[in-house]
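Note that the chains are named A, B, C and D in the order they appear, and that numbering of residues resets to 1 at the start of each chain.
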Amino acid sequence: ARTDLVLGVVLEPPHLDPTAGAAAAIDEVVYANVFEGLTRIDETGSVQPALAESWTISPDGKVYTFKLHTGVKFHDGSTFDAEDVKFSLDRARAADSTNAQKGLFAQIDTVEAVDPATVKVTLKQPQGAFLYNMGWGDAVIVAPESAATNKEKPVGTGPFKFENWARGSSITIVKNPDYWGTPVALDKAEFRVIPDPAAATAAVLSGDVQAFPFFPAPEARAQLEADPRFKVTIGTTEGETILSINNKKPPFDNIKVRQAIAYAIDRQAIIDGAMFGLGTPIGSHFAPHNPAYIDLTGTYPHNVEKAKELMKEAGLQDGIKVTLKLPPPPYARRGGEIIASQLREIGIECEIVPVEWADWLQQVFKDKNFDLTIVSHTEPNDIDIYSRKDYYFGYDNPAFDKVIEELNVTSDEAKRKELYGQAQKILADDAVVGFLFELARMNVWDAKLEGLWVNAPIQANDLTKVHWTE
Amino acid sequence: MDTPVAPIATPRTDDFWPRAFANRSFVIGFAITVIIAFAAALSFVWTPYDVTHLVVSDKLKPPSAAHWFGTDHFGRDILSMIMVGARNSIAVALVAIGIGMGIGVPLGCWAAARGGWLDEVLMRFNDVVFAFPALLSAIMITAIFGPGAVNAIIAIGIFNIPVFARVARAGAIALWPREFILAARAAGKGRLLITVEHILPNIANLLLVQGTIQFALGILAEASLSYVGLGAQPPMPSWGRMLFEAQTMISIAPHMALFPGLAIVITVLGLNLLGDGLSDLLDPKLRRQR
Amino acid sequence: MTPFLLKRLGIGIVTLLLASIVVFAMLEVVPGDPARMMLGMNATEDAVQALREQMGLNQPLIMRYLSWIGGFLTGDFGRSYTYSVPVAQLVAERSAVSLPLALISLFLSTVIAIPVGLYAAAHRGKASDTVAMGASQLGVAIPNFWFALLLVYVFAVALRMLPAGGFPGWGAGVWPALKALILPAIALALPQAAILARVTRSALLDVLNEDYIRTARAKGLPRNTVLWRHALRNALIPVFTILGLQFSFLLAGTIIIENVFYLPGLGRLVFQAITQRDLIVVESVVMLLVATVIVVNLLVDLSYAVIDPRLRNA
Amino acid sequence: MSLLEIESLNLEIDGTPILRNVELSIDRGEIRGLVGESGSGKSMTALTVMQLLPLGARATGQVRFDGKNLLAASENEMCQLRGDDIGMVFQEPMTALNPVKTIGEQVAEGIRFHTRASRPEAEDRARKILDRVGLPEVKYPLSRYPHQLSGGQRQRVVIAIATALNPRLLIADEPTTALDVVLQAQILDLLRDLCHENKMGLLLISHDLAVVADMTDNITILRGGQVMEEGDTARVLSEQTHPYTRQLALASTHVPARRKHPLVQHQPAETPLLKVTSLTRDYLGQRIGFFKRSAPTRAVNDVSFSLWPGQSVALVGRSGCGKSTLARMILALDPPTSGSIEFEGIEITGKSEAELKPIRRHMQVVFQDPYGSFDPRQNVARLVSEPLHLLQPTLGSKERRERVEKALNEVGLTTSDLEKYPHEFSGGQRQRLSIARALITRPKLIIADEPVSALDVSIRSQILDLIASLNARYNLAFIFITHDLTVARAITDDVFVMHEGRIVEAGRTESVLENPQSKPAQELVSATPDLHRAIARKLREQG
């Protein structure tokens, strides 16, 4: 059987250190392949042991004691032990840290290397998601010797070693013969960067790449499905795609206007038009595949008349002009055109302003200089963003904040589920933003290839189980 | 004792049209240009369908009686979009030429009239602008000011300036030593007056021909910019963006790429033919060779 | 000769200096913070600040310009914000794709265009001339990105003869690398060839009207001999001018074509760098392109002197 | 059997008849002149023989060279003949040579093609023939490029190319029209010698009767594509039996009836109309270094003279001697390097355009090229009224129109011409327009820079009449720039002979022309062809 693989990715990572950048593209290459954390997140989204063989949690939920695997070596030959864990976690939460997800480590009070194979982490307060957090790419364990150079030459403990990066083109990793765990089937894997949907389609059709998880051109689905050479799967993601509304800015501070928008949106048309049918409508900020999900799509069903009435009640029957800032992905650009057309029917005239990610982060996310925008929030379980102070959509509801606070200190599953339900409901009722759909993940790969993830609880291309059938 | 060498076209307007209609390039080019311009003008008052109204359920329909050129991925009528897109392309290219001419021609004439160091400085400045790969600079300009038709116009317009400056200067420099200019100077006319009264009318043909060429290039440039997402923004349709959007659907809806592509090719072709025809008609040197 | 060269060199340097100011100033006003861009949505403000400090973005404008220019002069082009590798290395890697691409397409367009132009001029007014010029009109009118799409679907997707895009790198062998450049080079070369063929033809026709062509014919030289020995060389000046201009078009054209074929070339590098606010890369690449254009134009000017003895002591 | 026999030759270009029933023959060693006004078909006749006609031309009839019908010859056969048996020299020496090839290459090329000689052999022959035409190797090596030679030298190269293989027939189509008289005489001598040496037939095309009379044995007179008269040169030109021949002969020797400006002694206290003192003009040398230029060209060197109202003077001299430059400085179109120009006692150098206005209205100009001196895009009314711009206060449109009409009348044009454009006029009419424009402000001085050298002989005589009458009627002073002494003699009182930027001789026209003192003046006078003298000599020779 073949032992090589060319896998298409849309975005090229800016560098390869997952602890120093937000880009999902980094994790898509190195997560689970090159770097490993104490825990890892599997295809179903549940937490699995990784470098930590097992752990115990103190009854007050504040102290986690991790038992580490022994005999683990970094790719440069240095040994992995508790000191590396302490170094990694301390580095990530240091004041001058450039870790993009510093929040993950915010609750950590101290990290202590008890012995080479034991680490004790003490939290400031109990945190339900701590083990999950430790499974993020931003929390992988790096060696002090190589931490500084990981950006160009990542050195981890994973089953693959970094080999080469032809910038702008591809990144190649090869099998790590000294891996501590189950050896992988592939000898070599190349991540080829193909940002352009048309080029991606051509590359897949011509066989240049044999797998393209998160394929960027849903319009090619029917064509690819009809071709026996390929296997096409539709998986879930953690991407809640929303029409973000600047809640602080009039007239959107008026719930009637937000409700009107909610009524005006025809989610199915957006999914059909922008995503060629790929995506699940959502009524609140929660992933439908999550056990705690409740279907709230009926809160404000598509109803133009109702929407117009609400606009009238808000005193805006003469219509308003707003801007709709759209980042580059097709869900935003295409979805934006459809939403603009739908909002036009209730008198909201959208000026479409396409922005690059850099501008979006600056103008929308940081300066909060926007009316409407479309974006997919791809972090898992991130409903808590609505409680963040000063978050870009400017939502402020003490009732909601209380639910989130409670969630943070609750570890009982049933209770958590209930709280999640409450939170979803509050957001839906308040029509905080226009909840559109959960981003689907269309994967295409060679029919003879097995072991790739269908779903993406986190953004990663875990190649540890990938193999050719002939 | 007739037909001495006339290095500059005669203003014989009375026989322009008969001659023009005997010129194949001109006739084809003119016809295409008129049709496109008419389609663009018509789109202001009427299009088969509303291009801002999306009927997602009608998406990707192949050409039919109801939609002559089919529909796009949002169910919009492609013929209507091409008509409105023509308006956009023409407007962008025209205004860009206006900018190029409006600044370039006076600069070129000034350089030619003054000569010396001013000429040198102006032309060096021109070289600087020329040295920037135009598309790259257009991308930078739109990156700064944001994408949109207006910025595309500015970006394309700026790069028309040196072109027109060069053409105007070359034409004017050839005219200045001519005897009729000397005669005008002997009549006490200053540089400005001579430029306005004698130079400009006599380089008008050159500029007209260059104008059609730049027009065609402007349409291509606008298409390229739109293609990389920096041209006119939705809901305003543009040919380049239509092509961009069609890219991924070539195998499922080839008509989406075919028609806007043809629209660009035909328009540019028409303008080039028109320019060719015009330069044949207006250049007496060529006329004599025929 | 030398004073001419000196003067051109001086002008070239001034042009570059002006260009550097323009580029730097332009990018200064580009909105978007490269540090924020690198860290993403969830990054805390102090993490961003720490990175800004690290990247030297907090220094005053003039200092940054001077240190950039100073670095330039000493061959230090700085470090890419996004890739955090030396820009020089990045540019060198990318040039290994773009330069061959531009040269191949220049070569292609020249070997297609000059014979076609010669043939059409020699057969002026005949059917073959009309066909050749009609085809060239079409060639000029076709946007190269559209043509590229057609090529990909015919040769890569339908016939599976050539790769649809990507670049294996010269390390993978010369042939695979060249194969990856064939379609992009054709897409780039076609419109250029069309223009060049037209220019060649009309320059030749102009020359063929000159008195000295009549003199040559009066010597008894056959038409073709006159075309090759007397006309072609005189027609080369406009042809070279266009070739020089085309080079800068080719460089710009690569921006789009490299995107269509996802080739890791300079064009895509700048485009990407602009969207990612990797300003230092943009600045360096633009300067490099401007310098290339200046050098190419200088070469074209020098070629004039080689072609035409009247220009040798100008 | 003659060397060349043309019988009932008809030529059409794109359906327009150009030549009708042309008959012409040349024997070995014979020099035949082909004369006629511009457009009469002289060149086309020559090109038919060479079979180098423009696209769309169709010739019928007989053109036999050595008994071989050229009209039926294939292109290959013609290639064998051209350059080997038939050579041709064209009018314009400046453009007749390929600028990117050395003269050696260009001369040797034909030799190699026809004789299959090796390169060194061919170069050797080229060297010989160049030496023969007066370009000795030591001074003019084969590696020279055409731009490194003067017009006369280039014409010698062209002749070298045409005669390199001792052709049996040489066709020279106005070989000297672009050259000045001194060069013209040299080139004509050269052609004559070559003919005699090799028993070569020569077809000499010219519009200048004097040249033809001097050079040729037989003459053919062409008009509108038809042969008017043909025969022995001396006989045809002396008997002038055909009316057209007489018309041509009269026109080319026409002297307007005019009252000579009296020779008066002016007092030093009187202010002359124009006073030029030590006028000098340098043109910057070519740039030869980054900071260096070659030595400047001194186009006008320390020129002084005075001009009195009503006086008509000629400024004559060889090409490039500085005549036009001097004219431009007087017209304040070009700043002098040093010296002064006073018009009616007022210094004009260094004045601004506005200050010049009152002076300009009294000083107008007529240029050589009757076509180029008009903006093709303006109609007569605008063109002729252009100098009215100089009048203060400005005139109303009615007055302007009256003035224009009056000026047109004065030059013999009608008011119906007001709306026409320059291209709708003949060359002579255009030159009249040009004079009308100069007259419109009622100037006291008109500077005419070669105003008739581009005109056909018949039209030239009309214009000379007009100038003479204006000179008399309005007491207009004229500075008449010309290289043609016949013209100078016809209408001027005094003459200044210029040479290399200086005035080398000045005096009453007749006396200078009859009895030149300086060497340049002598050269000029002796080189100027003269119809009567030539005929007289011919007749004498024939006995």
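As a working rule, a contact is a pair of C-beta atoms (placed from the backbone, for glycine too) under 8 Å apart; a residue touches a chain by one contact, two chains touch by 3 or more.
Not measured: the values here are computed from a predicted model.
Chain centre most remote from that of chain C: D (centre = mean of CA atoms). The chain pair A-C and the chain pair A-B differ in C-beta contact count, and the higher one is A-C.
One inter-chain figure worth recording: chain A and chain C are separated by 40 Å, centre to centre, where each centre is the mean of the chain's CA atoms. Centre-to-centre separation of chain A and chain B, using mean CA positions: 46 Å. Rounded to a whole number, the gap between the C-alpha centres of chain A and chain D is 88 angstrom. Distance between chain B and chain C, defined via averaged C-alpha coordinates, is recorded as 23 Å. Residue positions of chain D with contacts to 2 or more other chains are 55. Residue positions 143, 247, 250-251, 289 of chain B each touch two or more of the other chains. Residue positions 196, 198, 205, 328, 356, 359 of chain A each touch two or more of the other chains.
Counting only pairs that meet the touch rule, the chains in contact are A-B, A-C, B-C, B-D, C-D. Remark: chain D residues 50, 52, 55, 75-76, 78-84, 87-88, 90, 92, 95-101, 106, 109-110, 113-114, 145, 147, 158, 161-162, 286-290, 292 touch chain C in the complex.
Here chain C touches chain A in the complex through residues 31-34, 36-44, 46-47, 50-51, 54, 82-85, 90, 93-94, 149, 152-153, 156-157, 160, 163-167, 169, 259-265, 268-269, 272, 275-277, going by the rule given at the top. If you check the complex, the residues on chain D that touch chain B are 37-39, 55, 328, 331, 333, 353, 356-357, 360-361, 363-365, 367-369, 371-378, 386-387, 389-390, 421, 423, 426-428, 434, 437, 456, 459.
Against chain C, in their complex, chain A makes its touches with residues 12, 14-15, 21-23, 95-103, 151-152, 166-170, 192-196, 198-199, 202-203, 205-208, 328, 356-359, 361-363, 365-366, 379. Residues 1-12, 178-180, 182-190, 197-198, 201-202, 289 of chain B touch chain D in their complex.
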